[in-house]
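Each of the next two complexes has chain A plus one more chain, namely chain B in the first and chain C in the second.
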Partner chain A sequence: MRLSARLGLGLASVLLCAAIVGGWHLATRFGLVSRAFLPSPERTWLALWRGLTEGDLRRQVLATVERMLLGWVLASLVGIVLGSLIGSSRRARAWIGPSLEFLRPLPASALIPIGIAFFGLSQSMVLAVICFGTLWPMLLATIQGFAALDPQLRDVGRMLGFGRLDTVWKFALPNALPDILAGMRLGLTVALILSVVGEMLAGQQGLGLSILLAARAFRSPDLFAGVILLGAIGYATNLVLAQVELRVLRWRS
Partner chain B sequence: MKGLVLPILLVALAEGAARTFGIASDSLAAPSDIAAALAEALADGRLLLWSAQTVASALAGLAIGGGLGLVLGLLVGLSPATGRVLHLPIEFLRPIPSVALLPVALLGFGFGYRLEIAIVAFACFWPVLIIGSAAISGVERRLLEVGRVLRFGPLARIRKIVLPAALPRLFVAFRLAAGVSLIVAVTVEIALNPLGLGYAMMYAQETLRPALMFAVLVWVGLVGWAINALLLTAQRRLFGPAALVNAGP
Partner chain C sequence: MSAAVIPLQKAGGKPEPLIAFRRVDLDLGGRPILRGIDLEIARGEFVCVVGPSGCGKTTLLRLLGGLLAPTGGEVSYAGGPVAGPSANVAIVFQDYGKALLPWRNVAGNVSLALEAAGVPRGEREARIAPLLRKVGLDAHAERFPGQLSGGMQQRVQIARCLAQEPTLLLMDEPFGALDAMTRQALQDEVLRIVQASRMTVLFVTHDLEEAIYLGDRVIALRPHPGRVAATFEVDLARPREQLATREAPQFLRLRRALYDFIESAER
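After this line comes the complex of A and B, so read on.
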């Protein structure tokens, strides 16, 4: 496609976004949808701006992001270490792998009732659920990455007189990196979802709780502001990880 | 066979610990009690009712969200220009976590099936749109030219050429979306919707019946595993390696 055509279509894409917001404005202006359900874009923007500058929306965002990142980092560390141990040993894979595969389709949110049974409706419950739920995608991806090491590379390592640690560090880990990064990306999505649900259920401060309370009180501008912020968090984290992936995996292309 | 050793060992260990220390707790249950609770809930039909509620919501959401995703995927896949125009709105809407829309859907629909179906549909829309449009844009151009030569209208071209040619990878898209639909349905039920398997787990927890809670958890795992295995087998039988070629995102 020619550059000018591309630019034109990109402009059309921006215009389409503007048209969607315009349609939203008109729909609320002429009362096509009740304002209790759909606030006007102006009032949503105002709620967003006020909440971030003078209200406590900023604190809610920080609480959710902090919870999500803390759980995700812990799960990443445990997932990568455990996954590399299981993945680089054929015996461990044969004994443990099937059990892990069986647990793969289990919804991470199903851990929440168990978390509540053990920890009550507390902050540690939410964090434990995030950690545990995020661990699975990371663990399975790491195992897969380590298992996919070309046996010939293993032989090369043996010829070069590499020990086990050297083989892991110089061959297996770089080889598994794409899988690990993909798992970390999926894990971050899971962590955000579990943070939101956990906050809603346990009444812990954060965006999940604040949008639920806004909906209960029919404060629809606050509700939509919260949803927009959650979308922004998802967008930003994905963008950062995609950039990291590009950097780290540059040697492959 | 080796794969079975670990679970059996763990279950035996848990049973042994429960027998020797005689736990009577609100959060733990012996495997034998869990099995008994599972059998009882299966026998009196409760478990099947809950499963029907969850699976019905998941399927309805999959049909609506996947159907819309397929329609948009056709547009995007057949016309790269449309894809570029829709790019920004898609990029803005896609990262919204499905559960963030729970309160919005709650305002609009109240508790019940419609709430759950709406959230599941939103979640299933994206994988079908993304994988589906890639599958459709990968359809051999010459096949489309054949359709033009035969003077097929646009609908006939889609029905007779595009969909059959992209079918293996469209099946992959719907298989992945089916997994998403079950996960999201259970999540919605756990978060706030009083329906189905997710709510059954929450209710068992709140009424301090850990055996029933773990029994439902095991059942959720079995249902998810069975659906996944069924669809994988169907994919292998129906399409064989055709579904694997370029099946990436």
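After this line comes the complex of A and C, so read on.
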């Protein structure tokens, strides 16, 4: 019953995908939308295939993925360490919390002009913006996870005579792990978005730039190929993280 | 009570109590919670504490565990003041659902106490297995707390406390949330384990019959603020048996006295 339900759902999603591509095909076939804006799926596929095998699309993908992962890993490290420090002390939370709440809702893209002012239109500017924007979900999730440690578990630790470091390592960090992983998943999406926007603005190699150039030159198949690749990157990384989460949080099921 | 326990002798010749509360007062948030607690517990004694909800039973336990410091008076353990949590004292907490690490399996939760005691990694497994056997969980070592019944979770907590090899075991309404059958089984298990390891036990409960069944002595608290209202000596033979003990005339007499007392105290 459960297996058949899952198979049914899987089939339904494949059908939905097929329907979208089919609709897309029909829309271009009967000229509902100008070819200049919407290429046919076949031409998009061709552009994608050529770009990956003959052109430099593969390099662009790698550049973007590398940028995204680097920014994300850096932000994760900083976010988790900083979040642990702030989250494990009530005084630190009361002290720093309001400033965080002020900074948090700022859209990361609004920071790009500030990043440009500091770093110029450079590689490091893009990385700094990715890091900064990606930091928040991780930082707040870690703080939240640390703060939510049940007082009774804290007492269990005290009765056993654990010191501060052991309490963090054996109690607070595992307790915060579900929140941290959720934050990391959210952060990866933010990192992808900021990589693309950063590349577009700073003219750095990557999918963002190649999409921008394709749009300017009215090469709509290339433009769509780039967008599809972005979607695929987001989908694949999310899938990997979901698997990691499932394994690490095995105790929850 | 186990006759093999040899109490430490003081100069005066009177056995020194393991635990002594001397005129202990405690305020929390400016409110008096406990007032003038005077209490002595000998080594190897099994003492039960009863009293209405909110009268300060948990607070009393936390004072003994070193999780709270008295506002006035002194709590002493083995002759010295209680300055903080000690490895010799273990607490089985009231809310078992929140006293286990949900991300560690049964063996991992018991291992926590061994890690705290600095037992090397290689020796832990050999010490966990007999403990789990003792509480009847050897078949479930790999399960996570979320996959266990309430009674099993409470057994894990007990096993973790035993891993600490404490001198004093504090139990805070450990069976309050369990069904009658599980509760009786665990009562007997605890009695058996305590007897074998000669621990001193302070056992908090709501259930007057449970208190009589388990204890050498039952202490009744009175609320607002919490004070010791009366002490009942339990002169029932050990080992105790669910049916025979509960039908014994002394049991029934004690039960009567305790119920009458609680009723008059509430009026």
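Worth pointing out:
The criterion applied here is as follows: the second predicted complex is superposed on the first by the 238 of 253 C-alpha atoms of A that agree within 3 Å, B and C clash if a C-alpha of one lies under 4 Å from a C-alpha of the other, contacts with A are read in each partner's own complex, and residues count from 1 in each chain.
Basically, contacts are C-beta pairs under 8 Å (C-beta built on N, C-alpha and C of every residue); 3 or more make two chains touch, one makes a residue touch a chain.
These figures come from a predicted structure and were not determined experimentally.
Chain B and chain C, once both complexes are superposed via chain A, fit side by side. After the chain A superposition, the centres of chain B and chain C are separated by 90° when viewed from the C-alpha centre of chain A, nearest 10.
By the touch criterion stated above, A:A172 is placed in contact with neither chain B nor chain C.
Set side by side, chain B and chain C differ in how many residues of chain A they touch, and the one touching more is B.
In the superposition on chain A, A:F162 contacts chain C only, with no contact to chain B. In the superposed model, A:L149 makes contact with neither chain B nor chain C. In the overlay built on the shared chain, the residue A:A36 is in contact with chain B alone; chain C does not reach it. When the shared chain is aligned, no partner comes close enough to touch A:L188: not chain B, not chain C. In the overlay built on the shared chain, the residue A:R252 is in contact with chain C alone; chain B does not reach it. In the superposed pair of complexes, A:L57 makes contact with neither chain B nor chain C. Once both complexes are placed on a shared chain A, the shortest Cα to Cα gap between chain B and chain C comes to 20 Å. Shared contact residues of chain A, touching chain B in one structure and chain C in the other, are absent. The residues of chain C lying in touch with chain A in their complex are 65, 67, 85-87, 89-91, 93, 95, 98-99, 101-105, 112-113, 115-116, 144, 146, 164. Across the interface of their complex, chain A is touched by residues 2-7, 26-27, 80-81, 84-89, 91-93, 95-104, 106-108, 179, 182-183, 186-187, 190-192, 198, 201-202, 204-205, 210, 213-214, 217, 220-221, 224-225, 227-228 of chain B.
If you check the complex, the residues on chain A that touch chain C are 150, 152-153, 155-156, 158-162, 166, 170-171, 174-175, 177, 249-252.
Chain A makes touch with chain B in their complex at residues 1, 5-6, 9-10, 12-14, 16-17, 20, 36-37, 94-99, 102-103, 105-110, 112-114, 116-118, 189, 192-193, 196-197, 200-201, 207-208, 211-212, 214-216, 218, 220, 223-224, 226-227, 230-232, 234-235, 238.
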